[in-house]
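One chain, chain A, links the two complexes that follow: it is found with chain B in the first and with chain C in the second.
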Partner chain A sequence: MYHPMLFVHWKQAKFLLIPFVVAAFGLPLLVVQGYGWGAGVELGLEAYRILAAYEVWLPLFPLLAASIGAVIALTAWNWDHRYGHVHALSLPVARWEYAAMKMGAGAALVLVPSAALWIGAHLASASIALPDGLRAYPNLLAFRFFLATLVSYALFFALGAGTIRTTMWVVSAVVGLVVGGELVRGVLAMVAPSMDLDVMTNALLWVMRAGGPFAVFTGNWALIDV
Partner chain B sequence: MSKRAWCCCVVAAATQLGDGTPASAQSNETEILERIERLQVEVREAGRAATDAVGRVAMEEAARTRVPTERVRVGPFDILTVADQAELAAELFEEVWREDFAGLDGSPALTSSIFTFEWWTTQPAGIYMYPVVPGEGGPAVHRIEVHRQWVPTRGGLKLAVRTAIWNAVREDLLQGTPLRAWVEAAGIMTTPDVYRSLATMTSDLGHACIGAEIRACMVGLGFQHDVTEHELTDWFDPWMRRSLVVRASAPWEARVDSNDASVRACLDADDIGACDRTLLAIDWLGIARTPREANVHLLFHAVRLGGEGAWARALENPSATPAEALARASGQDVEALVSSWRAALEQGRPVAYAGIGMHAAVVVAWILILAALAMRSTRWRPA
Partner chain C sequence: MNNAIELRDVSWSAGKSFALRDLSLRVPTGSIYGFLGPNGSGKTTTIRLFMGMMRPERGEIRMLGKSVPRDMKSILARVGYVPERPHVYPALTVAEQLRYHSAFFRSWDRGWAKELMGRLQLEAEQKIARLSKGETGKLLPLLALAQRPNLLVLDEPTEGLDPVVRRDVIAAVLDYVSEASATVFISSHLVHELERICDWVGMMDRGRVVAEMPMNQFKNGIKRLRVADAPATLNGSPFTVLSRLSENGAGSGETWIVRGWEAPMRYYLETVGATLRDVIDLDLEESFVDLLRSSRPPSGGRQ
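The block that comes next holds the complex of A and B.
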């Protein structure tokens, strides 16, 4: 049953995925564009320029991973939502088993843009002559991209799996945390200035730091580094 | 009005009050002097009272707005911090001390310094120094106030601590001494950052240095200036060699005669061969070619190697060249020192994707949690 589910998901997602796959393939090539292509390149200066220019492109990698994860997750539940879950209900499987297979199918699809980025990163690093002291990390970049896409996918998949009411509850809780936290903080700042309860910052720190769900989005995304 | 001018006015005014006869003038003069004495005492008392009043007002103001503070001592560092950050401040100073400044216990600048530490979110609470620092002649105050960002910033905090310590310690190096000039205007960097700065140097000298060419390190750090033709062409691109000649021929350097045919060929006709000939003839590359932060890193590497009393030995002869000062501090000749420094850099090479395995494990754990949530959903039930 897994294969038909993967096929259906692929049919749903393929047209939406194409631009993202192209972007994942092209981004590493875009990053190294203009560096070390010709003969007689001044490598010392190149080292500095490559790393300096890379910083501009850096945020696009986690952003792309998050977007791809969201697209694959939302297309996973598209058919079910549209046709009132008739197909799912007609299958002789438990709900948890159905959701697990669907999630597995989506996770397999994450491999497509990750593979595109991996190929692009390898081509990009092969296309430039790196100065001594610098190395290319196409495998590790692609691996981090894959992990980040998986996290984003799993989060949106879990949200999409619930009812509208559940999703609204989750979104409202997040908004409530942000707005309520700021309100409480504002009141505390007036009543007890020494007590700084920054809910928003602490929540962000918690999800971003080591062990948090989004820790993989922070840190090094360099294709070329020392 | 100064005290002396004020006294003159009093004397002049008092003199005008006298009757002009010698005897009475004598008694008047004595009386005036006594009055001046009395007034001076009163002025001193009034000054003290005014200072106390200002201090009291400052204390009251501080007490109204200030957060509780705590004083912490970590090794040679005296730290005043917001009470709930005392543990964090102690941890950071301890780490930075161990990693970058080991061997600095005898620093005179540190013993007369106090560091304030605050990691603020909305606005700095402001650590009042009045009760701690007694005014003129007190310790030098180095403030560390770091804005807390929404992403983890322990690295940023340590950088701020490191920079503050370096700013304090720098005062031990006397202005105008060769060692001070060698590290002048330099910041402080960690070993991975120094490695990174050498790897991204515009000249290949840095790459050669981290590639275990000790001579490249020696030349780069400014310990040796003469280079062979082979080294010159290996380490410096043509435009760099030309810029070296431009610098050498500048009026403030005047290392070469700017009217010399070879120099003119280099500068006017971009004849790189002529540039090379000029540079080889004068055995000169100018200043140290590595980033100044590498020099600072080497200085503290020498102090670490030298162990107890190393910092004092580095400072004991202000007229010593950097090579002499470093050799004295470390107890090694400068070439051996540079060699061990390069090895330390290689050891501290930044790991580009450190912790990716841990990230993978965390991602798997979160995916399992989210999958469990997805499987428990009741979406397809008509109700």
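The block that comes next holds the complex of A and C.
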């Protein structure tokens, strides 16, 4: 049952995925363009300057991962929503089993852009001569990209699994929490000005910091580092 | 008698706009059960309830001797379902859709699927997005039949199809039934279509089952009577008068639509002083329409 489901998901997502796969393959190659250090070059001021310039590109990696995860997740449920889940509900499969297979099929699709990025990162690493003190991390970058795409996929898959009403409830609850937190903060600022309770920033830090569910997006995305 | 589908006092509502109330239905095993009703009467909702797609608020549902929704997985393995609207994936080809669907059914008969594909003139490599309405209308029963189900649930399977395709689909279903002794539950508002093939009939209107009986009993039991000198009220009548209308310019003449009529009952009319002028057979459509009219409140408003 899993293989046909993977096949169906692939048929639905392939045309949307192609530009993302190309981007995942090309991005590492793009970011190393203009690097022409020769072997034996000292890690001097010039190298630092180039590394700083390279960091400008870094946000594109998590952004791409998040986008790919969203696209795969939304194509997973697209047809089911369109036909009112009638086909799925008429199959002799438990609902959780169907959702798990669908989730697994999408997770396997995540491998495709991740593999493209891995190949691109290896080609990019091989295309430049790094100065002493710098190293390329194509495997780590590809693994981080895979994990980030997977996290994004899981999030959007869960959101997409529900009805529009359920999704609206979830989004409204999140917005409500943020707005409520800000209101509480405003009230506390008036009552006790010495107390700085920044709920939104703290919540954001909590999900993004090491150990948080979205920490993978904020870690080190460098293909080339010391 | 075993029932392939059994609903007992099932209720379900969609807010205040629509409700099924105390719905009871029995589909005998091995029968071809025609489920009639006007658009919006609750036929599809009833099907979705016993297919486990929606949960009733009250009542009990059993299919193939098992409880819905508890045993749904094993029930659905034996049920072929053709929904009201196509639910196939447009990006797949016919062959890919068959492969996908077959993966879920152990009883899938690949040889027969291929045979049906030829018989219904469907091309394996044709993309579903490019199928005509008629071709999609043939693909859905093909998917259901190739499962070799014990029970076929067909929700308006021939709606919008041309007569040739309609005939092909019905013929394929009937061939399967005669070979496999399966039960068929077929919902439609095309009365003539069901009249030819069904041996049981259930009629639904405004969320209620208004009649359920063997087809021959239904066809023979509902008559139009022309009666003279009819009394204002009938006491102890052996038949049910569904409606009474005065004949224009005919003095005391009336036209009655009655249910449960049998020839010897003419003597009853004589005992109440009425004279039976004529007994007219109604076809299923006329019976259906008259039955619906008689079951609705006089105001014509929603119940």
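Keep this in mind: the second predicted complex is superposed on the first by the 212 of 226 C-alpha atoms of A that agree within 3 Å, B and C clash if a C-alpha of one lies under 4 Å from a C-alpha of the other, contacts with A are read in each partner's own complex, and residues count from 1 in each chain.
The rule is short, and it goes like this: a contact is a pair of C-beta atoms (placed from the backbone, for glycine too) under 8 Å apart; a residue touches a chain by one contact, two chains touch by 3 or more.
Predicted model, so just to flag it, every value in this text is computed and none were measured.
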Should the pairing of chain B and chain C on chain A count as a clash or a fit in the superposition?
fit
Looking at the overlay, does A:V226 come into contact with chain B only (first), chain C only (second), both, or neither?
first
Which partner chains sit in contact with A:A100 here, chain B, chain C, both or neither? Use first/second/both/neither.
first
Looking at chain A, does chain B or chain C touch a larger number of its residues?
B
Could you say whether A:V56 touches chain B, chain C, both of them, or neither, answering first, second, both or neither?
neither
Going by the contact rule set out at the top, does A:P92 touch chain B (first), chain C (second), both, or neither?
second
Which of chain B and chain C A:T163 touches, first, second, both or neither
first
Go through the superposed model and pick first if A:V8 touches only chain B, second if only chain C, both, or neither.
second
Which of chain B and chain C A:V191 touches, first, second, both or neither
neither
In the superposition on the shared chain, how near does any CA atom of chain B get to one of chain C? Answer in angstrom.
5
Just which bits of chain A does chain B share with chain C as contact spots?
85, 89
Going by the contact rule at the top, pick out the chain B residues touching chain A in the complex.
65, 67-68, 121-122, 125, 148, 150-152, 195-196, 198-208, 210-211, 237, 239, 349-350, 352-356, 358-360, 362-363, 366-367, 370-371, 373-380
Spell out the part of chain A that touches chain B in their complex, as residue ranges.
42-45, 47-48, 51, 77, 80, 85, 88-89, 95-96, 99-100, 103, 107, 131-135, 137, 140, 143-144, 147, 150-151, 154-155, 157-158, 161-163, 166, 189, 193-194, 196, 198, 200-201, 204-205, 208-213, 215-216, 218-220, 222, 225-226
What part of chain C is in contact with chain A in the complex they form?
51-53, 72-77, 79, 81, 83, 85-92, 96, 99-100, 103-105
Sites on chain A touched by chain C in the complex
1, 3-5, 7-8, 11-12, 79, 83-87, 89-94
